[in-house]
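See below for the structure under consideration.
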Amino acid sequence: MRIGAYGEVMMRLTPPEYRTLEQTHSLRMDFTGTGVNLLGNLAHFGLETKMLTQVPDNRLGDTAKANLQTYGIQTTFVGKRHNHIGSYFAEVGYGARPTYVTYQNRHNSSFGVSGPETYEIDTYLAQIDLVHICGISLSLTEATWQTALAVAKAAKQQEVEVCFDFNFRPSLNDAKNRAMLKARYETILPYCDIVFGSTRDLAELLDYRKAFSGETDEQLIQSFMKEYHIKWFCGTKRLAVADQQFISGRIITQEGTYETKAQLLQVLDRIGAGDAYAAGILYGYSNDWSIKKSADFAITNAVLAHTMLGDVCLTTIEQVEQVMQAPGTDLIR
Amino acid sequence: MRIGAYGEVMMRLTPPEYRTLEQTHSLRMDFTGTGVNLLGNLAHFGLETKMLTQVPDNRLGDTAKANLQTYGIQTTFVGKRHNHIGSYFAEVGYGARPTYVTYQNRHNSSFGVSGPETYEIDTYLAQIDLVHICGISLSLTEATWQTALAVAKAAKQQEVEVCFDFNFRPSLNDAKNRAMLKARYETILPYCDIVFGSTRDLAELLDYRKAFSGETDEQLIQSFMKEYHIKWFCGTKRLAVADQQFISGRIITQEGTYETKAQLLQVLDRIGAGDAYAAGILYGYSNDWSIKKSADFAITNAVLAHTMLGDVCLTTIEQVEQVMQAPGTDLIR
Amino acid sequence: MRIGAYGEVMMRLTPPEYRTLEQTHSLRMDFTGTGVNLLGNLAHFGLETKMLTQVPDNRLGDTAKANLQTYGIQTTFVGKRHNHIGSYFAEVGYGARPTYVTYQNRHNSSFGVSGPETYEIDTYLAQIDLVHICGISLSLTEATWQTALAVAKAAKQQEVEVCFDFNFRPSLNDAKNRAMLKARYETILPYCDIVFGSTRDLAELLDYRKAFSGETDEQLIQSFMKEYHIKWFCGTKRLAVADQQFISGRIITQEGTYETKAQLLQVLDRIGAGDAYAAGILYGYSNDWSIKKSADFAITNAVLAHTMLGDVCLTTIEQVEQVMQAPGTDLIR
Amino acid sequence: MRIGAYGEVMMRLTPPEYRTLEQTHSLRMDFTGTGVNLLGNLAHFGLETKMLTQVPDNRLGDTAKANLQTYGIQTTFVGKRHNHIGSYFAEVGYGARPTYVTYQNRHNSSFGVSGPETYEIDTYLAQIDLVHICGISLSLTEATWQTALAVAKAAKQQEVEVCFDFNFRPSLNDAKNRAMLKARYETILPYCDIVFGSTRDLAELLDYRKAFSGETDEQLIQSFMKEYHIKWFCGTKRLAVADQQFISGRIITQEGTYETKAQLLQVLDRIGAGDAYAAGILYGYSNDWSIKKSADFAITNAVLAHTMLGDVCLTTIEQVEQVMQAPGTDLIR
Amino acid sequence: MRIGAYGEVMMRLTPPEYRTLEQTHSLRMDFTGTGVNLLGNLAHFGLETKMLTQVPDNRLGDTAKANLQTYGIQTTFVGKRHNHIGSYFAEVGYGARPTYVTYQNRHNSSFGVSGPETYEIDTYLAQIDLVHICGISLSLTEATWQTALAVAKAAKQQEVEVCFDFNFRPSLNDAKNRAMLKARYETILPYCDIVFGSTRDLAELLDYRKAFSGETDEQLIQSFMKEYHIKWFCGTKRLAVADQQFISGRIITQEGTYETKAQLLQVLDRIGAGDAYAAGILYGYSNDWSIKKSADFAITNAVLAHTMLGDVCLTTIEQVEQVMQAPGTDLIR
Amino acid sequence: MRIGAYGEVMMRLTPPEYRTLEQTHSLRMDFTGTGVNLLGNLAHFGLETKMLTQVPDNRLGDTAKANLQTYGIQTTFVGKRHNHIGSYFAEVGYGARPTYVTYQNRHNSSFGVSGPETYEIDTYLAQIDLVHICGISLSLTEATWQTALAVAKAAKQQEVEVCFDFNFRPSLNDAKNRAMLKARYETILPYCDIVFGSTRDLAELLDYRKAFSGETDEQLIQSFMKEYHIKWFCGTKRLAVADQQFISGRIITQEGTYETKAQLLQVLDRIGAGDAYAAGILYGYSNDWSIKKSADFAITNAVLAHTMLGDVCLTTIEQVEQVMQAPGTDLIR
């Protein structure tokens, strides 16, 4: 299966050694974004991947493309326009000190200002079998919303499957018109096959109000899946027990549900782990694995993503399987 | 409240990545010291802070001043004399391996050789409301002892409050005449309002012998506080349970005592955490907070100090409060 | 003399060791800008300096302020608003390969969107004797133009001297309405005392057309100075002879002209050298030095600026004078 | 034109800051080789490029591929076999101190042990228009010699042009049977269209003995070109004048010769500059440029290659043309 | 006691900060190997140590020797021949992600191709009291096997004690003729006094089949020790309890057995810890310590080795004893 | 010939990339000193070298010894006492900007406070053939003066040759009693065989007043050599011509004089070049080379020393001879 993604490429700038920005003059530069993270990991799993996005038409755009290629992502459909790339600074936390992310201007980025007319959507879709769309495009700008919708619609028409990630962050969208956002999500969902999300997304954003209806979590999701003809509804759950953190993964189909065991997390870099879970799921899906096999693989991949610096999880199939088969091994030679 | 500190500025040199000195040619250079650590943190809390000290009249002095300014400390009263700065090398430990600190010649430093006549003490005190004095000045050299005393006396006269930190390390003072040191502490204490110390300091250095009198810890401290008219007596306690380390903080007034819950420590850099506790306490004191509110804030700040590289804790009010309100959060964006 | 500057604080990101962005994941972060460069150098010359600007109300703003303080610049009037800071990436050249500068979105920065109502201009001016305004503020946004004008006007009223730097870059302003820009320059110039510029600025931007009038360079400048009652008109000239680069400096008053000898350049970092020249000139001006003494000092400072990494020239008076008195010395101990 | 190359991928390990291996624990890792250098540069010129080689079937092979992709080289035909990659250590010189290159075992590398049967040569050639072969493959191992020959023969058959680089280093081949090597060169040359070499190669290796025949340099080359039906014969010449180094380039066709002006070199990293010249020539050739235009472009590119760290010259068309049009510019913004 | 070791010097290349090879261009270079690790640690314990090995006759050999000298190992018997050194790349793991070691060509190294005739074995042995031989030499090449045997035989003759480490890794030796390897081990064992190994080595390699004979672990070892007249048989055991790792050490003599308490491990760098255990044992042995004192010292040293980056444990006697006497201390000043 | 040196080991701390101390938190740590530089280089030339000095009895002393061993210097006579090591900070200059050296407290160092009774001088001298003494020991402290004299006297008695380096820096000794220093030099010179110095040393320090006597430079030196029975009097001369720097070397014997051609300098790191010249001279002397051969070798070595970072020149015989035979070569592979 050949996988594509429409989404933003961002520059991540990280001080070394758990330092804060004030403590250093040295930053690590990486290029990330939900689509990048996902495709980079899938390329390491051996799949052909292709990004659909816009980067600046300057040295930063050149550098962004070179970085995507390192991950193994094909950049034929990475356009170059304007001169700004969204960025964020990650001050990596330790123990009680949380990781602080500071975003810089994303609305005016080359990606943010580019509408559907700037992409060759049909040609692009003809070269892939499944396209991933991140919900952030729905709230970023009018142009990205229009593009996301155009990609989803064209995909439906060309029989390319659509994977959609809610990625709804109430904190980022406070100022937004929640009603407008709800409408946008409702508009795009009919074109989607696989969805990453949580009951909170359904309850808070789409107004599937569990509290009133007395439905269970799963009933709530089932009604959502039926309404939109969703094949797989996937997500993760984090829990903390006695100063330790755990994560579990779940896939729901209209036929049933599978939830993995909770896995202990040891966290080197928290960011991008959700995308590693998604990569694992899509790898299973593209191989027609069972939901059990897919979720077990994906959650192990997510656990590993927490142990790698940077957003993009660079695990290979062999590495994930090695950890699944012999957890606790600490040296391989 | 405007806060000052009389104390030494030292150069700290640290190998990267938990390496030992033999394993590296690369060192991180920072400028620290009890007063620097305290004022740097308080400046990040939004207070106006001013250091009273001497640094070398050469490139190292220039660099020391530039570093103090980065922390937000005002350097108008940082004099430049002679040509030596005290330094220490910190080989940061890991797990069972302790952090090793190696001191280099502090007695001959610009600070160590400068007596009260080299400072404009009165002008300085006129610009602050509280001055911090570290007990190390009492044992370092005759010149620093005379200066510490002069600062304390003049503060009393100008109605500037005095905060004194025992900072008595038996190991460093073995060779010293313990009797002389006792006399010096007894001479300066009448001028002090807030004191950081422990019952060990009172028992071992000042000869408040608990063992013989049958007094409780707290009674011991109360007699000390009454003798010297101390307002707040503050300190921290460390304990280890099953390979985990905890810390709690305590403030005692003549009216009562408050001790915080023990907090789990995850240690990235051990040095300077006591000064972060002191910074938290002084922030509470300067805002007329209750001892409960002050100690809870201070102990959270001390926990965070263990998670930051370097002696100087650079937390802001927002960061400390965020951790108090939502402990366990590991990502903020 | 206490010196101020109204101008932008930018983040500069530089790959190490002459590398290009594609070749590295490591960037050096510095905070710069014409005003920062100028005041940072003047602070190292011993003058009291104060910046008037806006930085983001987030971790980047905190870091920007800490960096200004390191240089010795006072930040009481550095406001915190919005969440974006202008940035640029400098790929440092070598030999035939030029340094490439890539700018990122400056119009939407905290500085770019802040108009005069966001500053306490009068209070600020009351604490300084001379204020520097950079011509870039005239073309950046409407808000920065209005602020620059308000600062210049209020300065006139409060008898604070105004130093203005044309900083007119035809390449950046091609798309701009040149007529509008001319009008803005003509509006602010009556409030200015010292001006940094070139005959090209007068000829191309202000339409003092030398070609038609047959005037000499100096006559052209004299008519400009008379029209606007300028005290000092200052600039530098670069020339290349046989693969070597030279620089000379000039100051023109209504009484006469002084031009320094051409100095050989050895270039480690090209950016910011013009600001170092300006710093030297303002130091001479503030000490009532002759134009000869001022220009000789300033051009030496500019030569040194080419030998230091980063925009901000951190020379001291002693260093500049040492090079003037004993050029060619390569080791001082 | 789509360009391919059959050649070795090597790991280059370089101490930082002109240090020697003894002085450092830190090395920069890059992946290089004549083919990599050439294709990486051509990819930056906008051409589609594809490498034919073998890398180890382990983490080093993964890393080598990721690095090739960063340069924009397609890696579909980069096989993974065995477990060894050739490497070299470059201690970068300064002034009178030359750069020292220390090679590590190349004969047993994945590339060195792989013969023609391990490659899909026909499929590969079907996707390119010109293939580059480096003379080192003729002397490295029997397997690489056989592969080079097979590629050249098949190319001829499939009407893919062949570019051959003598790359004959007498010092490396002393122990070799010079006669055997001569025979190999004579066997492959009939399949070649463009050749990079020098009269020394023709005289010393192929026994075109200028000294005895009294022929001029150019006559010597013309007889060679006629014998093998070579279209373009290309090379560079270095000369030193008064402590300065210069380089010029030359292209000879059967119709005529063009030699560029000598260009001053300022050398940051000497290695790979010849490959940058070749990249420039092939870019001109693929665009049907005149030999004058091609050589002028190529020699400027070679000059720039000396100013970039690493073997792979990452210049773009815009950068080369900018330097050709405005040499001496030292800052572009 | 003066200690020697015959063994390979390898170059270890490690990405910084837990990064993978793909994520970095920066590697840390160290020189390691069982003999190096052992002697380096023993030199830090104050013993005179001398390595018997061959390194390349080039810059890598120079660098290897310089690194051995840093550890305090004497290099008079480190020969320089050929031009290849074995190397390995260590991608350091974190949490669930294991450390990956990738070996590069060891068989063709200067060490691998050098037989007994290239060493002055007798002169060497005359300067030491005990020589360490690593089992890897038995399987690496015919030349190293012959040398190991020659060293062991000559040692017996010169009354130099022999310490032998099985270091048998089934995974590395799958393809090997197991029978041949068994014969080699059986040939060398009669010359050995101290042996590091496990029951697995005896059972799997030497065919002491516990399963069939019903013998206990210890009986199995005792029969082995009797057969070969071994004085001390030493090893470590790792166990995992609830996500925590522990290690214990054991020494068996023909008179009895001592096994230490299990110690909690906190792992910064896993590699080389076994050699640190061996160093501790040999230090005890050379001082005629009891097996209890030796094993307790050695296991503490092994625990510390896990907390130091790099293969070579650089602990001093004082550091080990400090941890034994006051475990849990986290700051020493 | 086995060479020794009595002298100070210092810690050198250097900011990276030509930065100033204010611009960085990162320092490079090296261990240097005239004796260290000399012996480190001679060890690389293949001679056996042994240092006589004292370092601190703490982690810094351990690290200093490890660094000396890396250079190949034997450390059996490096004692460990007290707890302070002299240090200096080198801000490396560029172009017109000189290198600034800032010294930290040398008088109180372990070396500075150690007198002759703390060394085993006779045992030490029994193991070497020539000992180097640096004039700085004569002015540093009374203890180092007494030790230098004791070493020189004992050397004479044991027929170990003495090489003495004036190393008289008027700037460092202004405050000193010049008369006392003169007396000390006159006391030690009768024990010396080889002397490094200049006519300035003889004229200014020893009062051989050329100006009054009308003697030529060489006559002046000859009278000095006769008075003290000096075999070789050696030195270098620097000159600047049109922005370029040159160096030449000279050796004078009682039979004649040889002065090398002036060599162009390209300077990466200025410090330690004089010691590299001395190393070259002593290598020639120890091999009974002619003064021509010795000086030509030494001056080439000094030129190379300017191209290596750090005080200690790590050239080998092969490297120096390569540059002598083929100057201008810029790549060796």
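The chains carry the letters A, B, C, D, E and F, assigned in the order they are written, with residues numbered from 1 in each.
What we mean here is this: contacts are C-beta pairs under 8 Å (C-beta built on N, C-alpha and C of every residue); 3 or more make two chains touch, one makes a residue touch a chain.
Remember, predicted model here, so these are calculated numbers, not experimental data.
*Asks:* Which contact partners do chain E and chain F have in common?
*Replies:* A, B, C, D
*Asks:* Copies chain A and chain E touch; is their interface built from the same residue numbers (over half shared) or different ones?
*Replies:* On the two sides of the chain E and chain A interface, the residue numbers are mostly different, under half being shared.
*Asks:* So which of B-F, A-E or E-F matches A-B, with over half of the contact pairs the same residue numbers?
*Replies:* Selected from B-F, A-E or E-F as the counterpart of A-B: A-E.
*Asks:* Cα centroid separation between chain B and chain C, in whole Å?
*Replies:* 41
*Asks:* Could you please state the distance in Å, as a whole number, between where the Cα atoms of chain C are centred and where those of chain D are centred?
*Replies:* Averaging C-alpha atoms per chain gives centres 46 Å apart.
*Asks:* Go ahead and note the Å separation of the Cα centroids belonging to chain C and chain E.
*Replies:* Those two chain centres are 62 Å apart.
*Asks:* Which chain E residues touch at least two other chains?
*Replies:* 17, 20, 22-25, 62, 66, 70, 100, 103, 267
*Asks:* Which of the residues in chain D end up touching chain C in this complex?
*Replies:* Chain D residues touching chain C: 16-17, 70, 263-268, 300, 303-304, 306-310, 314, 319, 322-323, 327-333.
*Asks:* Under the touch definition given earlier, write down the residues of chain A that touch chain F in their complex.
*Replies:* Touching chain F: residues 23-25 of chain A.
*Asks:* Any idea which chain D residues touch chain A in the complex?
*Replies:* 62, 66-67, 69-72, 316
*Asks:* Could you please specify the touching residues of chain B with respect to chain E in the complex?
*Replies:* Answer in residue numbers: 17-20, 22-23, 88, 93-101, 103, 169, 171, 240, 243, 245, 267, 270-271.
*Asks:* Of all residues in chain D, which touch chain E in the complex?
*Replies:* Listed in rising order, the residues are 13, 20-22, 24-30, 58-60, 62-63, 66, 83-85, 87, 89, 91, 100, 102-105, 108.
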